[in-house]
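This report concerns only the one structure given below.
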Amino acid sequence: MKRLVLLMHCPDKKGIIAAVTNFIHQKNGNIVYIDQYVDRVQGAFFMRVEVEGVFGLPSFERFKLDFQKELGIHFEMQCSFYLADLLPKMAVFVSKYDHCLYDILAQQRSGKLACTIPFIISNHNDLASIAEQFSIPFYHIPVTKNTKEKAELKQLELLQKYEVNCIVLARYMQILSSRIIDVYPSKIINIHHSFLPAFPGAKPYHSAFQRGVKIIGATSHYVTEELDAGPIIEQDIIRVSHSHEVKDFISKGQELERVVLLRALKLHCERKIMTYNNKTIVFN
Amino acid sequence: MKRLVLLMHCPDKKGIIAAVTNFIHQKNGNIVYIDQYVDRVQGAFFMRVEVEGVFGLPSFERFKLDFQKELGIHFEMQCSFYLADLLPKMAVFVSKYDHCLYDILAQQRSGKLACTIPFIISNHNDLASIAEQFSIPFYHIPVTKNTKEKAELKQLELLQKYEVNCIVLARYMQILSSRIIDVYPSKIINIHHSFLPAFPGAKPYHSAFQRGVKIIGATSHYVTEELDAGPIIEQDIIRVSHSHEVKDFISKGQELERVVLLRALKLHCERKIMTYNNKTIVFN
Amino acid sequence: MKRLVLLMHCPDKKGIIAAVTNFIHQKNGNIVYIDQYVDRVQGAFFMRVEVEGVFGLPSFERFKLDFQKELGIHFEMQCSFYLADLLPKMAVFVSKYDHCLYDILAQQRSGKLACTIPFIISNHNDLASIAEQFSIPFYHIPVTKNTKEKAELKQLELLQKYEVNCIVLARYMQILSSRIIDVYPSKIINIHHSFLPAFPGAKPYHSAFQRGVKIIGATSHYVTEELDAGPIIEQDIIRVSHSHEVKDFISKGQELERVVLLRALKLHCERKIMTYNNKTIVFN
Amino acid sequence: MKRLVLLMHCPDKKGIIAAVTNFIHQKNGNIVYIDQYVDRVQGAFFMRVEVEGVFGLPSFERFKLDFQKELGIHFEMQCSFYLADLLPKMAVFVSKYDHCLYDILAQQRSGKLACTIPFIISNHNDLASIAEQFSIPFYHIPVTKNTKEKAELKQLELLQKYEVNCIVLARYMQILSSRIIDVYPSKIINIHHSFLPAFPGAKPYHSAFQRGVKIIGATSHYVTEELDAGPIIEQDIIRVSHSHEVKDFISKGQELERVVLLRALKLHCERKIMTYNNKTIVFN
């Protein structure tokens, strides 16, 4: 007895839900979750279904092929199928900040973040001991202006060797080039330490302090070529006041960063997110 | 028995608190509230004091003069003195949206917003009936590109005639020129329907929707010459999701706007705000 | 072209969605919103549908009858049908507090609360002038221990005369007896000034202050016979600190009460709420 | 150059602030933070001061003695003095849940929780490997009804041996007796997984689900003899809806528990909390 997750979108038409649910019943699948969303302005239909059934790998492949043949072509669907117990392989990129890394490793280890973590990459050596503490391979790949291409090729090599599905930039202070981004569309998750689109780019806490805001935020988003402009997955905020200095903004903000990033990672690993027109649809 | 509110700031030095509290005791004042804040980076000291005592108008004037003479000059203080029962006179500027106006009038009427409202000004006639409902004079002053100067002169005339102390732009869809702003520094309160500095200018809900944010906000700030860039008084947020359309953003946002604006107005009318370096210090 | 809202629940079975959507298509209805929820523990299915079509009153009646005949009996459905432009008639009960009343009347007047308000009932005369300001009939029905039965009979008479559909207790400081509650099951909405189930009953702000909580709340719920124990519609909170006195709790709380009550009323008037097992299902 | 933290409260009188600041200036101390709070109802004065100066251990002892002699007796003060770089020693008690433990250890290790952690005590062996991962001694002390006294004596022995200053119950599923509580008044910090005083005792998420709340909370408080009734340090909440099952309440709640507990621990370790009349004063 296995669980299968299906994410799909297509032009909105009558009869999609009925067709999909009928198909699943024919395959002796039991729908344990179904949610859909219609974007009426765009005329687009989105659906997430969880199905329980006898899905060995062969019947899972069969299910996918038949689904595409019987429904996918007719409704012009774009589909993703996942076996729930095949956890995504997530690579973690870090620099020197440890708060997000600790959280990711602890939550993964205690079973609350449904993924495997094949390795950690960093442009610095500072966090190697944490990797060791959790017995996870740590690759130190320094990045300078001149070595960036070489570094990214080495990163890609590791990503391919370990068959990585998605990447989390856990306060990785480097900008990825399209060399990597293009290989992982809607698969690279970043945490930005501001309430985007306010304060994109570097030093957002300093800018927020300078502006005298009363609330600071954190934003987790998929990485696209345009810096800090990819589809937003999750945001949250915390109140500040005139009595807080920049260092208080940073310390309060870091509490927020790890919470917001973890929420986004959980949603991604549980296959609850679709992207469309540079936005996310989050089935929660 | 009257209550006096004192707001002051000056360069940070030893002995300010002691000097002020001693002065007040000499004047037979009873301190019922005292709060201070030191900006160590700027070396600036801020204080708010509420004093109960026998302050008729003459003794109030005496108090102010003596304070300046004995302390103000020595400590290079900038001070504001208010008698708590002399309510500020607040003019309300509106256009067509009624949600903030209703809230201001209702809260003022029920004694929760400590001010008087001598009149309402609008560039449209739509909300005249609400003014009438609350028996408040309503002046319809249309504004076009060509009549803007004339309109503002008329507005100024009314502001002076009624001896107005502060102005609230309750979704007034016009930009005030320096002609008015310069007369009311840190005295004109605007509500902007976004989480500034994200989405300044026009149509912020449309921009927020376009960007796919997961949280929308509202910001109340003092008006300065640079559009939507004045000192922020109060901000708050509300969650949205992919399932909300622009009209939902607007409707959820309007709930927020009135709450955030009212909080800012209350703080201002209770003389709890100081401005400094384009930021607010809010004694709460 | 009219809009119809359908709320239904029934035991969870295969094929409900398909059956309902097919029925609507046969009736030439256009589904503009559909959302469903399955309570797997209880085996219960809930759905809300908005349909656009040519629904004059006769065809609306026809729709209801056919729906019951073709689907309702088979699936053991409990259904409610509403024409969206037939606004609910909501009676407002108040005592002496005006903040919720002002908000309800202003929001209703500006079209943001989709109901009509045939009259206001109060056990005191204090708020009569607000009713007058909004030109709404005001009935002063004093309630004492001895006159309670007589008072409630008079209230019922008014409710029936005006064909009232629902009641809001906008800080009405009296407890209704089953005489009225039984006539309006899941139709009487109360605002309780605490985060229920903490601090039920009288003086919750005082109790919250006494307990030293760091957050206070407000709860809007349907009234049932057990005091403050009916299905919760909406809750929200605001932070407090040691520096706030009981009067600050009350003043911050009142800001919250009106916001939370209004949200609940909007949800109710837009027919987005179902009740089940003393809980609400809120389609949002 | 050392930093000293002074927490004090006493009956409210004129001249306390001046007396304290004068004393500190005489001792060549530089006040880098001062905040005070007056409870006017109780007539109680509270103050927190941070002072920089040449405080070796002898001069620190001298400072305390002189302070008591010159001010303490006169003003009837209750004072606590701390050297900021003498970190509190905090023992961690756990059972089987690992989310709070991981967070405490990670935050402590990365310098964000200013304490040392001499050991972990658990009534189960499940989390021993985490202790090992962080190289912290782990004591497995099983507790049954019959062995409770013996277990607590063993716990006390360890607490004394390591000169522990405070204890965190990081989801420790046992109730401490007065045997331990009396030794650590306002020094034992618990995290309760509900918005107290709603849902005290066992299984609060199940009760919250049963009640159909729209918001769940977590509460960190000092442990007193009455269960879940000690002074509240920090609370926070997260929204839930009808679509969430008990397991969602638990999983969302655990995210909250660790955040709320960490905030409380940081406040405690930074000596920002005073307790009074079963409430906390939090200087933030």
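Which chain is which? They are A, B, C and D, in the order written, and residues in each are numbered from 1.
What we mean here is this: a contact is a pair of C-beta atoms (placed from the backbone, for glycine too) under 8 Å apart; a residue touches a chain by one contact, two chains touch by 3 or more.
Here the structure is a predicted model, which is why all the values come from computation and not from measurement.
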> Taking a step as a move to a touching chain, how many steps at least join chain A to chain C?
Replying inline: 1
> More contacting C-beta pairs: B-C or B-D?
Replying inline: B-C
>> Measuring between Cα centroids, which chain is at the maximum distance from chain B?
In response: A
> Once you find the CA centre of chain C and the CA centre of chain D, what distance in Å lies between them?
Replying inline: 42
> In whole angstrom, how far does the Cα centroid of chain B sit from the Cα centroid of chain C?
Replying inline: 35
> With chain centres defined as C-alpha means, what is the inter-centre distance between chain B and chain D in Å?
Replying inline: 39
>> Residues of chain B that contact two or more other chains, please.
In response: 40
>> Going by the contact rule set out above, which residues of chain A touch chain C in the complex?
In response: 14, 17-18, 21-22, 25, 32, 40, 239
> Which residues, counting only chain D, touch chain C once they are in their complex?
Replying inline: 37, 40-41, 195-199, 211-215, 217, 231-237, 241-243, 245, 278-282, 284
> Residues of chain C touching chain B in their complex?
Replying inline: 98-99, 102-103, 106-107, 109-110, 112, 133-134, 251, 254-255, 259, 262-263
